[in-house]
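This is the structure I have questions about; it appears just below.
Naming follows writing order (A, B, C, D, E and F), and every chain is counted from residue 1.
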Amino acid sequence: MLITRRERFNAAHRLYRKDWSDEKNMEVFGKCSNPNWHGHNYILYVTVKGDVGPETGFVINLKVLSQIIRTKIIEKIDHKNLNLEVDFMKDKIVSTENIAIAIWEEIEQDILSNGAELHCVKVVETENNFVEYFGN
Amino acid sequence: MLITRRERFNAAHRLYRKDWSDEKNMEVFGKCSNPNWHGHNYILYVTVKGDVGPETGFVINLKVLSQIIRTKIIEKIDHKNLNLEVDFMKDKIVSTENIAIAIWEEIEQDILSNGAELHCVKVVETENNFVEYFGN
Amino acid sequence: MLITRRERFNAAHRLYRKDWSDEKNMEVFGKCSNPNWHGHNYILYVTVKGDVGPETGFVINLKVLSQIIRTKIIEKIDHKNLNLEVDFMKDKIVSTENIAIAIWEEIEQDILSNGAELHCVKVVETENNFVEYFGN
Amino acid sequence: MLITRRERFNAAHRLYRKDWSDEKNMEVFGKCSNPNWHGHNYILYVTVKGDVGPETGFVINLKVLSQIIRTKIIEKIDHKNLNLEVDFMKDKIVSTENIAIAIWEEIEQDILSNGAELHCVKVVETENNFVEYFGN
Amino acid sequence: MLITRRERFNAAHRLYRKDWSDEKNMEVFGKCSNPNWHGHNYILYVTVKGDVGPETGFVINLKVLSQIIRTKIIEKIDHKNLNLEVDFMKDKIVSTENIAIAIWEEIEQDILSNGAELHCVKVVETENNFVEYFGN
Amino acid sequence: MLITRRERFNAAHRLYRKDWSDEKNMEVFGKCSNPNWHGHNYILYVTVKGDVGPETGFVINLKVLSQIIRTKIIEKIDHKNLNLEVDFMKDKIVSTENIAIAIWEEIEQDILSNGAELHCVKVVETENNFVEYFGN
């Protein structure tokens, strides 16, 4: 059984490598490398796997799952600059893939501590683009 | 190959255990344990697995799949009270997880009889919460 | 200039008249008159009209608008039974139309006090049905 | 008859007044005044009014309407910083209201030149917030 | 008070004028003039205006409104070729604008006969394009 | 890590077998066998699997993925008749299942050539029906 909680955050970001010239960054990352930033309404889906507890009928209490996501992720990245202000994105390329991996690492233990297992972190950047990470 | 049919139902429910005090129910289930009920526009996705029939190009005829879901599920739970009026939820905690498991059990055989295999029952309770059950 | 805030609530309700027989209620209101209730994920859109303040660039501060809607409406009807538990629906038929009118009356003054004018209350009951009320 | 074209842009912005202290900006604009920016997937709906041409059955050719919006608006604001890089937002508070007014002014003449009349500019900032501007 | 019912239909169509050359049709209507047809999942919103009946709390019974739309429109155009098979589109350019006008004319009287007034016919052709007709 | 790109196409089609009578086609395929065609706004999701490149933070550059899908698929099927005009659907029943399989075969190599692996082709025919193909 999988259960999924959706949360949202609005943030600025930029795709670029410091060790590349502006031309190289523009060639690879296109308009996403704009030095003055751009941003998105990101949608985050966290999917947790587990057995259904006979006492509650729950895999995990959604209040708990929502609380973990809000404390560990949303409060740190909502209305923020993902390149400049988010500790767990420091020194990383702020691609949707890397955001998903970093979110996984931030919340994996908390979900285990609540008796369930993290199954998937899905990050939707636009209505046309999204990634799903299942751990490694 | 997976094929999915979406159906919807609007229903009232309440999360609670008879053997718990009101305080305990409120503590665990929160406002979802309101004794006077609340309700949702549930969305149900039934996913079926199978080979594509060379004669029809279908895994399963969607008219048949829709008919199974409507007869076995929707007619019994749409505009109903899930705790009081639905035979297959009797004596169960009416969590989204338990709704998905019960729906799986109600339709699994009918899908097998039509030459396909039930793969997933997904129940969406709100735009922020959903579960997916793959059998056991 | 119009500005709109969306909020959501999940509630149980029933369409019926006490002074009608069960048969009459069923004939007019159909399965919506189920005595054991059913429910919806209602979506509420509150639209406010006004000039754009030169100091803030706002018609109304959305934090204020959201606060009014949450305090006056959402806290009273979310995860509630609209027929039994909501003071401003007392002795009314709980149609989507009447919900919209009642919400208008509950928040009209608070929006005026904040320098704007209520323009429309839209209540979405299902993806196929919604009403819009513009006052009278 | 009204006809509407949807276009989208992803941009960074910040709500603040230079002549206010950081504290005052935070008090009024909240986390939207973050000095390091945040961003959105903005959705833009441009609605045009006119008679249906007997020769084409169109109020306006949507290829033309889309072209106007892309040339005059989307190319200038997509993947941009609305405060720093967009000429028609210069020295304005970058509220959704002011974005809608500025877009109106940028495209009004081009739509008139194509035999129709601009009716509404709707800018959706998040799934919970949007504005509609009808000119003055 | 306005109340809206959504219905859907899937149809093939083509934009062209018999009295124009293929080149002229292609120049004006672009790929929409493909002689072998293309198609859409059209979404139809019918909005009705009226007072809220004190007996029912309804502007119009949605079962009645849905029945009118289904009988007069959906049964005639769903899974059909709008150019070849729909009587009320005969000899018209099958633009979204003309579809909306024709639907208005087909259902206006039936809504009046049920004590309400047709306010708007909205036809959504794609997620980027829609028209709204308010009569003349 | 999975990454998904959404693209859309509007097309006409018909479900039928030449070697069946009209009655047999109608019995099996229902109104989808209408000889004058009908159509859909198809939504296509292409999901690609791979490791995240340390240099770019990408599984695959979405500009490349989008380009593959547009060149190999969208340009050939958008605003087309799927039965008559699409080479890779020739002599096939134009079911959603067969469309997904054909799209898989058209793009599998191009994705491999770009260092990633095709994981899933999802084709959404209506809001109620979709298929997912994972290769064989």
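Quick note on the criterion: contacts are C-beta pairs under 8 Å (C-beta built on N, C-alpha and C of every residue); 3 or more make two chains touch, one makes a residue touch a chain.
Bear in mind that the values here come from a model prediction, so they are computed numbers and not experimental data.
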item: Neighbouring chains common to chain D and chain E, by label; value: C
item: Proportion of interface numbers common to chain A and chain D (over half same, under half different); value: same
item: Computed distance of Cα centres, chain F from chain A, in Å; value: 29
item: Separation of mean Cα positions, chain F and chain C [Å, integer]; value: 42
item: Residues of chain A whose C-beta touches two or more other chains; value: 127
item: Chains that touch, pairwise; value: A-B, A-D, A-F, B-C, B-F, C-D, C-E, D-E, E-F
item: Of all residues in chain A, those that touch chain D in their complex; value: 8, 10-13, 31-32, 34, 36-41, 78-81, 84-85, 126-127
item: Residue numbers on chain B that touch chain A, as the complex places them; value: 15, 17, 28-30, 92-98, 100-101, 127-134
item: Footprint of chain E on chain D - complex, ascending; value: 1-7, 47, 52, 55-59, 61-63
